[in-house]
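Both of the next two complexes hold chain A, though its partner changes from chain B to chain C.
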Partner chain A sequence: MTLEIKRRSLVMGAGAAVGLSMLLTTTALAAEPIKIGVVSHLTGPLAGGEAVTHTPNIELWAKQVNDRGGLKVDGGQRPVEIITYDDKTDPAEHIKAVQRLATQDKVDFMLSPYGTGFNIAAAPIYAKYEYPLIAVSAITDKIPELSKRFPNMFFTLGTTTGFVEGVRDTLVKMRDDGTIGNKIAMVNVADAFGIELADKARPILSEAGFEIVYDKSYPLGTPDISPVVKGAKAAEPDAFVAWSYPPDTFALTEQAIIEGLDVRAFYTAVATCFPAYADKFGSKIEGNLGAGGVNPDTPAMQEYRKAHKEVTGKEADYWASATYYASLQILEQAIENVGTIDRAATVDYIKNNSFDTVIGTVSFDDNNNSERYWSVGQWRDGVFRAVADTGMGDSVPAVAKEGWN
Partner chain B sequence: MDILISGLLLGGTYALMAMGLNLQYGVARIMNLANGEMLVLGGLAAFWLFTTAAVSPLLTAFVVAPLAFAGNWLIYRYLLLPLVRRAKSTGQLEVDSILATFGMSFALVGIMVSIHGEYFTYSYLADPFSILGSTVALNRFIAFLAAAAIGFALYYWLNHTYAGTAVRAVSVSTEAAGLVGINVDKVSAMAFALGGAVTAVGGTLISTFITLDASVGVIFTMKALIIMIMGGVGDIRGAVIAALILGLVETAVATIIDPGLTLASAYVIFLAVLLFRPQGLFGRRSS
Partner chain C sequence: MTSAETGKLALGAVCVLAAASAPFFSDGYWLSIATTAMMYIALSTSWALFSGPTHLIALSTGAFFGIGGYLVGSGMSDYDQGFWTMALIAPLVATVLALLIGLATLRLKGVYFVIFTLGLSEMIRNLVSWVQNNFLGSRGLYVLTDFTEAHIYWMLLTVAAVVFFSGWWVNRSRLGFALRIIGNDEEVARHVGINTAWSKVILFMTTGFFAALVGAIVAPRYSYIEPNVVFSPQLSFLVVIMALLGGVHRLWGPLLGVIPFTLIWEAITISFPASTTLFLGLTFLLIVYLIPNGFVGAFETVTGRIRK
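Up next, the complex of A and B:
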């Protein structure tokens, strides 16, 4: 508060000086910005994912909003100012930084963090200060419990079960088509998300009549994944499913190429949707399945991908990038429709309305969950298309993977 | 056979991680916690040159080596030598160097994030290569050859040249080495710079088959520490042999028992060495 007053008086005092009159003009013309806080993993284990999926979208959205003059509130327009803190991918640091944004910076709104654990860890602070938390990179089956405890928390990217069911439906369809047989080799990274998905997948795949012929986990950061791929190959599976994280998604794919793991369905989880995945492997990954996927054909999606490339210089990923951008659109539309900075009213507005976004119309059910998401994608001619979804209805049937060429 | 060959190749990778730190800590007495970041920096150079100018990482290694040597020499000369000079005991130098290099590791992470915050992933020589009926990745095999070459070169240099003898003398006792006319500061600076160059070249080679990112360095520092302590501080043979043992055991456990137990097996061996040979496989008992 004192700082604020000091700064203002300083500007006024300096305004007398001719040299600084420019500064005064801009200060006087520009409305006070709406402060939007975000705690990012700029460094640490999740930094690589955050840098692909979240950060460029925040940059893009802030630029677009400010280019058109800002958000329409209080009868005028106010630009947005993004305040970012690094948490080193450390939950304790993360919570401290969120608290700081709420109490020191007194930001008007906050954006959601990257990673299920971080969203849940930060949720109590968002709830305490009534910040809407539109979680994106948070996939969990605990949505009903969480939204009951934190009524300001919304979910957009689906549930663990939904993800596994997407894989099951894809594989069942391929089996019905005669593309693959019954035998699945399944591996997972021995870390939260990988373990949870594998635990869900075992009964779900068995009930669908699949036989899991190889089922192993490997530690996070394994430097040599070749024993895993050799073991999977020796089990002679028809399909390979890996609940993997970015570095091992790359490593498993590379090793499968080297070992010549010849399956008609090859699925790796996180980061399969990254443009870097296609850059690395080129045409060899044609037909690869992975977590996520989008419908690249809608005008909104095409326009978004073009703007993303223009503003940030890189391609958006084919999964949560668009959903994260959609979460920013939801926040934007809610703020503008409430028409003033009122966080509780914004939460209410998000609860009770539907939003036109890059991923289509989004609305939230009684559990604050948007039951519309793509769950499995497949690389087809350099584009990662959705082949399974919940509530979207626009995915295409998966095709067989024809070797590693 | 698969286990033997994959294990040896993984051991070669580990040797690349640990040899540099061994020189830095064994001779220059700097416990360099930014070792992993130096390795990742070598990987970033390879990634960056490969994706922007299609430069082969093998070529990059020859650019990285002199640059890392010069960079590490400057770091030693201007950041660490003052710590060496003011340290009253080895213990104090260790604490000071740990703190200084810990800080340095954050600076390096920050620099690398600003260059490329995403994963450093590219594909180079990711082709199958068959030795003795076992299929391995060509890029891993080349890294293994490079590790072997670097290991032998260092071993020969340390044991059969005049300069190498001076380095070993400093590693045994800085005071005695000084008394027989060895310029301890100069030799230490060189050992530190050489260690940094070996680590960075290791990173360049490792980046062809492990996906690195700006923040991953600490994992390599830890691995290098374990290998160095297992092998014996200041002994290149020890580092190489400890690396090979670790590689073989991890691969055997992953293949025969369960891939989930590789980390556990590595720490079990580490504990066993600490219990039965606390000075490391080739280490000298401190008097």
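Up next, the complex of A and C:
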């Protein structure tokens, strides 16, 4: 029985392959594809984030564009072909692969890599060959300096300071509403971005009148996070803030459930927006705060999330996924409006125009920065809604977290 | 100095000059491969200075390389220091650290030493993160300079040339002679009055110095330092594999390992992006079984047979 099914699927598979190759031949005859390169972290420490936030969106976008018949250039339509290389999350490999895309494969455009460091490391090469670089997974306070150095580089996900200010605004609002008091327990992962965020948060939270009653760090990749959570609990805070990376976001939450850490505001940073976070903890994380968030109610966002699920089989994350997809829409619209493959003109077009995307209308200021992003989200009925933003204006007020049930 | 030695130095100088002209021929893809290869040439050769004669496999390259990158990043962003200041401080810090580590561990033998150095990179990463977190704070580890790929290539070439020169100098010094005896039989070495511990520590410090210097020079190429990327255990393994592939009992052995390895690695990355780790393991096995003394060893065996 099973054998027969296998044989049948094999025959069907072969048929599909023949059909597909015929299809490919005809498209190739119809129009030379536009080559689009991307260097991904298919392996290494950042592979997890890349696989959630970037890769599915590239797959979705390429499929949608090609289903429409391709991008409108040169008076006709040309499909897109994505060329991907793995860099093993190694900057030296990354630089080599970007060079390879630019000078050996001679791709027409390139997509932005995952991670602040990789965007900045690749920027000189994009600049040299005039590729527009619409950075998404890059949060930095150096935007003015970077955009001066690399005039073809654009920023969409905000600054480190904005990231911390979003948390401050959320907590201030909750305090004004009488939801929380003024005592904050703060922890951070002792690694570059975690240290930087904690460093910025100390003065910003103190100036807002909060008292940091507990302030501890833990090493990256620590197997036991319980002393940190126990310590925070003993300090009897009103709010808990963790500048955390993906693994510790999960570990801290798990430990807080075990310890029954009773706070009305519980914030963990990176990866709180991942659908896997909700899958793991279910209703227990109702009311949890975290980095990111989206406005799930706009028709564009709903349509995007539905298509993402259908094409890739996965839920989009509730933060940078949509922004990354928006960066692809910006590139698409710029290419089509320029009308030919002209990278310098495309960069100019991105600088001087506004774009209709899944996250709303995006345009860039003099520093090539889009001051439109959500910064804090909250899990509400299985959806991670934005409760703080810069320039969006559509986030909802945060509510109190009512226990770990 | 004998005339044969003068000849060797002249040949070395010609090679360095030829290598220095590379950026004039390609400033894109091939230069980026050459820069990566040059980084590994400097790292593998300096690794072999210590591990070649002593037969102690040190997996500590990533740790010292990381110190170089991390200190440059932290110094430039958090303390507004210039690149050159930090590129000077970083290797010195690494040398002092290598001294301390060496004194504590070089009495370890064989596999115990390997295991210790394997954990070293992780330990040092945590140590510097802890210091930064508790005492220093950070504004992000940016290394923004005006260096182009060619500048970095030339700097690495200079380091590689210095590594070769010091290797050549050590080989003909009493220290090099002492190390070869230690490598063959440490007991004998001790009996003939060689201070085995200090000889090893000095060479270990040299390796640490060069690895940190390379890390510091490469930092502007990366532009933004992520600790878990510069303190990479994979780097330590790659350096060892490339050096063993070439052969570690001759100074120019690692060079012969790095160049083919970089090119094959590149081909594998293009064709099988998901299986590079598998390839790495297979290479390691093949070297150990088929060419235990590297290309140089195999070459010498063949020429030896012909001579007979």
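The rule we apply is simple: the second predicted complex is superposed on the first by the 377 of 405 C-alpha atoms of A that agree within 3 Å, B and C clash if a C-alpha of one lies under 4 Å from a C-alpha of the other, contacts with A are read in each partner's own complex, and residues count from 1 in each chain.
The rule is simple: a contact is a pair of C-beta atoms (placed from the backbone, for glycine too) under 8 Å apart; a residue touches a chain by one contact, two chains touch by 3 or more.
These numbers come from a predicted model, not from an experiment.
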item: First (chain B), second (chain C), both or neither touched by A:Ser217; value: both
item: Partner chain in contact with A:Ala190 - chain B first, chain C second, else both or neither; value: both
item: Partner chain(s) touched by A:Ile257 [first = chain B, second = chain C, both, neither]; value: first
item: Touching partner for A:Gln104 - first (chain B), second (chain C), both, neither; value: second
item: Touching partner for A:Asn66 - first (chain B), second (chain C), both, neither; value: neither
item: Contacts of A:Val52 with chain B and chain C, given as first, second, both or neither; value: first
item: First, second, both or neither for A:Asp199, with chain B first and chain C second; value: second
item: Touched partner set for A:Ala276, first chain B, second chain C, both or neither; value: first
item: Partner chain in contact with A:Gly231 - chain B first, chain C second, else both or neither; value: first
item: Chain B and chain C contact sites that coincide on chain A, given as residue numbers; value: 42-43, 45, 89, 190, 217, 219
item: Residue ranges of chain C touching chain A (in the complex, touch as defined); value: 28-29, 31-33, 36, 39, 125-126, 129-130, 132-134, 137-142, 144, 148, 218, 221-229, 232, 234, 266, 269-270, 273-274, 276-277
item: Chain B to chain A touching residues, read off their complex; value: 2-3, 6, 9-10, 13-14, 51, 109-110, 113, 117-119, 121-123, 126-128, 135-137, 140, 209-211, 213-216, 219, 247, 250-251, 254-255, 258-260, 262-263
item: Of all residues in chain A, those that touch chain C in their complex; value: 42-43, 45, 84-86, 88-93, 95-97, 99-100, 102-104, 115-117, 120-121, 123-124, 140-142, 145-146, 149, 160, 188, 190-193, 195-196, 198-199, 217, 219-220
item: Contacting residues of chain A [partner chain B, same complex]; value: 42-45, 47-48, 51-52, 55, 89, 187, 190, 216-219, 221-224, 226-228, 230-231, 246-247, 250-251, 254-255, 257-260, 271, 274, 276-277, 279-282
